[in-house]
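In this document, chain identifiers A, B, C and D correspond to the written order of the chains, with residue numbering beginning at 1 in each.
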Amino acid sequence: MLSGRSFILRKILRYCVIILIVITLNFLIPRVMPGDPLINVLGEDAALADPALIAKLELKYGLDSSLWDQYLDYIGALFQFDLGYSIDKSSQVSELISENMCNTLLLILPALAISSAVSLLTGSWCGLHRGKFLDRLMTPASIIIYCMPTFMLAMIALSTFAFHLQWFPLGHQSSSGLSGLKAFFDTLYHLALPITVLTIIGISGKHLVLRNSVMQIADEDFILVARSKGYNEETIVKRHVLRNVLPPFIAMVALNVGLLVEGAVIIEIIFSLNGMGTLLYDAVMYRDYPLIQGCFLVLTFTVLISNLVADILYGLADPRIRDSARCSEEIR
Amino acid sequence: MLTLENVSKEFVLSSGRRFNAVKDVSLDLNKGSVLGMMGDSGCGKSTTALIACRLLNQTSGKILLDNMDVSSHRRKALSQFRRSVQIVFQDPISAFDPLHTIRWSFSEAAAASGMTAEVQSERQDELCQSMDFPLCLLDRFPSEVSGGELQRAAIVRSLFIKPDYLILDEPTSMLDLSTQAQISRGILSIVQNDSIGILWITHDEALAKAVCDRILYMKDGMLVQQS
Amino acid sequence: MNGSVLSVRDLRVNFQTNGSKVSALNGVDLDLAQGESLALAGESGSGKSVLAFAVLRLLDDVADVEGKILFEGEDVYQMAHGRLLDIRGKGICLVPQSPGTAFDPLRKVGVQISDFIRKVEQIDAADARSRSITEMDRLGLRPVKDTYENYPHRMSGGMLERSLIACATATSSRLVIADEPTKGLDRRTKDIALSALLSTAENGALMMITHDLTSAKRCERTAIMYCGELVEIGPSESVIEDSVHPYTKGLIRSMPERGMTPIPRRVRSDPGGGCRFYSRCNEASEKCLFHPDLRMMRGREVRCWNVDA
Amino acid sequence: MRTWKGICAYIVRTWRGLETYQKAGVFILLLLITIGSLAPWIAPYDPLQTGTPFQSPSFTHPFGTDNLGQDNLSRLIYGIMNTIKIAFVAALVSLAIGVSVGVYSGYYRGWREDALMGVTDLFLLIPSLPLMILMASYLEPSEWNIVLVIGFLWWCPTARVVHARALQVRNQGYVRSALALGYGGPYIIWHHILPNCKQVIIAKFTMGVALAMLAEASLSFLGLGDPLSITWGSMVNLAYSCGGFANDLWWWYLPPCIMITLTAAAFFMVGGRKNEGRRWQI
């Protein structure tokens, strides 16, 4: 189907443009901000570090050359995953990020999966059975949790379950000196509480949106027509309602990834897991700008890629999107 | 006289598919006569209507008002032209802004051509009387009025500023028989004493024969037959 | 009851809209025999579509319904839920009113039709597919290969309407209720749709709800409805050609090809106790203040006092 | 509407139109605002007056004191006005940009719409917290920088929702009839499109204030907020970084969190339209 393929190509092109804009944004912000450009680029420790290192880095960044050349070799460096040098941590930003990123993914992916599945179940159930007990319980609860600042939930969870009840460890990735299967279970034991907190945040964000979509679909005409054709309620729900809730569900999961990334950053700080969150927190504490930019770039890439995948799935799931009429000039 | 000369309109769908709704249509509308346009749904009738009153720009072709080319008019001249050609749409419910009363919409129409208050109220009574629109409904909101009344009010509003031409895009297809008869009679009476040119678009054969002097038949964007 | 597919006894339907009670149907009695086609005509708001939904018992959570509806002798409102489910679709097949929103937007039209046929006829997918293709071909949905694979949003109103009718004609359902099947269709597709619907009347029965009297004439009997009750019901020829009830006469006169003279004044929202057409009727007399009931005269039943036998 | 009586009538009419949870939301907000504005008289101590630090809750200090001995309760009360002020102004900034972008691209279609909506999508996709951290870390921490950062990054959800509604209104018959009467874009936007988008704008504004409050809390928790200004976020940050959380002084960090949640929920309730017919609007 021509329109299907051209739809996907157009989507990919659109995301490439967005990624380029993000890179330019990331490149321009330090050079535009007030203050000493050298510090803005290298971080506040640049003033203290020994001048030899500064000279080498200045050469490497070519701070004196024109903005355009800096931009070109900034992009060139990006392709070799060279995100710059963090003076504070005195190591390449890209290495720092690569280890921490997998810890964060270890936190985000299970939370994303569980929260999507659970919110799909509860959202559909509450959408179809309005006013029942679960609906009256879940809706206000998810609003309250949605309104709760992320760190509050994390703090409460940590202090009650870990500190008072001692069910879970007080934080940190995993106790060292273990290997193989025991290490896996140990990290699982350490990560259990943060993942549940992130899942609860994810569910609160998704449940209401899904409940809305299901309620809207259940009131559509074709559901009444299906009922008039003698299908029993189960097949109607399975075949029509859930199938139609898929596109909005995919779109909402994509948008929700950003929310989860933010939640993960804060949760890692509180549970002191060495993921992107703590990295970002230290970078902010010491104003280590290359590291901040690196974290920002990587986090944004993960969100962009997940949204690209979701957009394509959305296009495949809902044929109407593929050939929506775009009359360029409208009635004026 | 309002003429369309081999007008055609092409929409570009987001999937790149080009769909031309109107292919090389030319028609002329003279004052005091009713020109009918027949065709099944999706044959480009409504698009031609929008092009005729210059709400939608045509891809190619010319529009002449008393053989003066108006297709390239912009801003001031365009709104001047638009005041002489009015249009009434098919769906009465969306014809009025739900947040204002019908009287406010009438005053908006009057203000378009700078009528003073008493000229407006006198014109208003005259039109409401001829279209049989009850004056007690003037201060109601559109949601409190039935479809038939709303369509009458829409026609009153479009005739408020004495246009030379009036385009009706299936005005009565959403209404039932007796309201359709009432509204059609009202329009015909106005055509006589105000000598307005009417382009009446419908897919109901009997109504077209009963109301129009000339009928154009359209199929898939092209004019096929005249009677 | 003998051989009558559907009989409706004193059906009253009231809707609770934000406090006020709106009565959509009050006291409708109707009979539909085997192999007969009945056209239900009337202005919008006279409760025609409500009757269709009431027969299929789809109004349970929306309105309170009184009266009896017997489908082949069995009261629909006393039926067990399981029995009701296989009556809908297999027994009574509804062709809904707005074709644009009647299909599931995310599934192909052909698949939805053959899926329905498979459910009703209990045959396997291949037969259902071939039967739906022949049916779509009979209804002029050419080229069938494309329309089968097409999605509802890509099809025009006329094509969607004919696919809906294909659902009804493809299955051997004993009663077909078509709600405004000819609305918005041009002349050619209207004929195709009507002849297909009338063909289902041979082995079952057809109740067609329409506001267009020319297509009502093609059915055997016609019933005229006004403000939620039947005012005239009889053979189509006599009801439409020489109508008796003042409202039917007014309706016929306001047709474009019959002089287009409208019925004076407006439908009153609270018609009061007497004859509901009293406020618009020019043959009204003081007797009309009492509510007339259907009386047999000149070969049809009429609800009016002033009509002499 | 001009007369004082007209305004009261309008208020009474909207009040009666609200649903119970909306009334509860308005009640909580009014309560908070009165307490906040009367802070100098109500608060037991001057929030900046130092004393013995880390006191546990006692009669004199109901919520104990922080690391500088300042009374937590009075800081909490003084924090009301600051937090709500920052969130309100930030939401106002993002509302102004969002509505103008949404309505402009909704009405003037074509390349203008593609360009503006492209930018909106861009900002919608980028996770807002990292971007805010990046921007805030460069500007020296002050209240108004946070307002600018939140204001300039949070207009995209409003723009997208207002754009969708404006598009829907634009295709209605009354807009086309107004065009046919010869009216131009600005008149139609002012008289037809904006009034019909009012409901969406109000819902998004109240949501915006709630989310701005949460964003401000997160930012100040990360240390990017203005340490001098007394807001609930900075109180939590102080509590977290000075060991309040480590040795479980819950009376120090919990009350500000609860106040944030309460206020945000109140704003949510005021804005959200939940009725059986139409759905809760997030």
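Just so we're on the same page, a residue touches a chain if its C-beta (ideal position, glycine included) is under 8 Å from a C-beta of that chain, and two chains touch if they have at least 3 such contacts.
Note that this is a predicted model, so its numbers are computed, not measured.
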{"item": "Labels of chains that are neighbours to chain C and to chain D", "value": "A, B"}
{"item": "Most distant chain from chain D, judged by the mean position of its C-alpha atoms", "value": "C"}
{"item": "Centroid spacing, where centroids are CA-atom means, of chain A and chain D in whole angstrom", "value": "22"}
{"item": "Cα-centroid distance, chain B relative to chain C, in whole angstrom", "value": "33"}
{"item": "Chain B and chain D: spacing of chain centres that average the CA atoms, whole Å", "value": "46"}
{"item": "For chain A paired with chain B, centre-to-centre distance based on mean C-alpha positions, whole Å", "value": "52"}
{"item": "Where chain B touches two or more other chains at once, by residue number", "value": "55"}
{"item": "Junction residues of chain D - those touching two or more other chains", "value": "176, 179"}
{"item": "Multi-chain contact sites of chain C, meaning residues that touch two or more partners", "value": "none"}
{"item": "Contact footprint of chain A on chain D as seen in their complex", "value": "108-110, 118, 121-122, 124-131, 133-135, 137-139, 170, 176, 179, 210, 214, 217-218, 221-224, 233, 236, 240, 245, 248, 250, 253-254, 257-258, 260-261, 264-265, 268-269, 272, 274, 276, 279-282"}
{"item": "In the complex, chain C residues that touch chain A", "value": "53, 56, 58, 85-90, 93-94, 96, 98, 101-107, 116, 119-120, 151, 153-154, 167"}
{"item": "Contacting residues of chain A [partner chain C, same complex]", "value": "220-222, 224-232, 239-240, 243-244, 246-247, 317-320, 323"}
{"item": "Contacting residues of chain B [partner chain C, same complex]", "value": "39-42, 147-148, 173, 175-182, 184-185, 203-207, 209-211"}
{"item": "Chain A to chain D touching residues, read off their complex", "value": "14, 17-18, 21-22, 26, 29-30, 33, 35, 40, 130, 139, 143-144, 146-152, 155-156, 159, 163, 208-209, 211-212, 215-216, 255, 258, 261-262, 265-266, 269-270, 280-281, 284-285, 287, 289, 292-293, 295-296, 299-300, 303-304, 307, 327-332"}
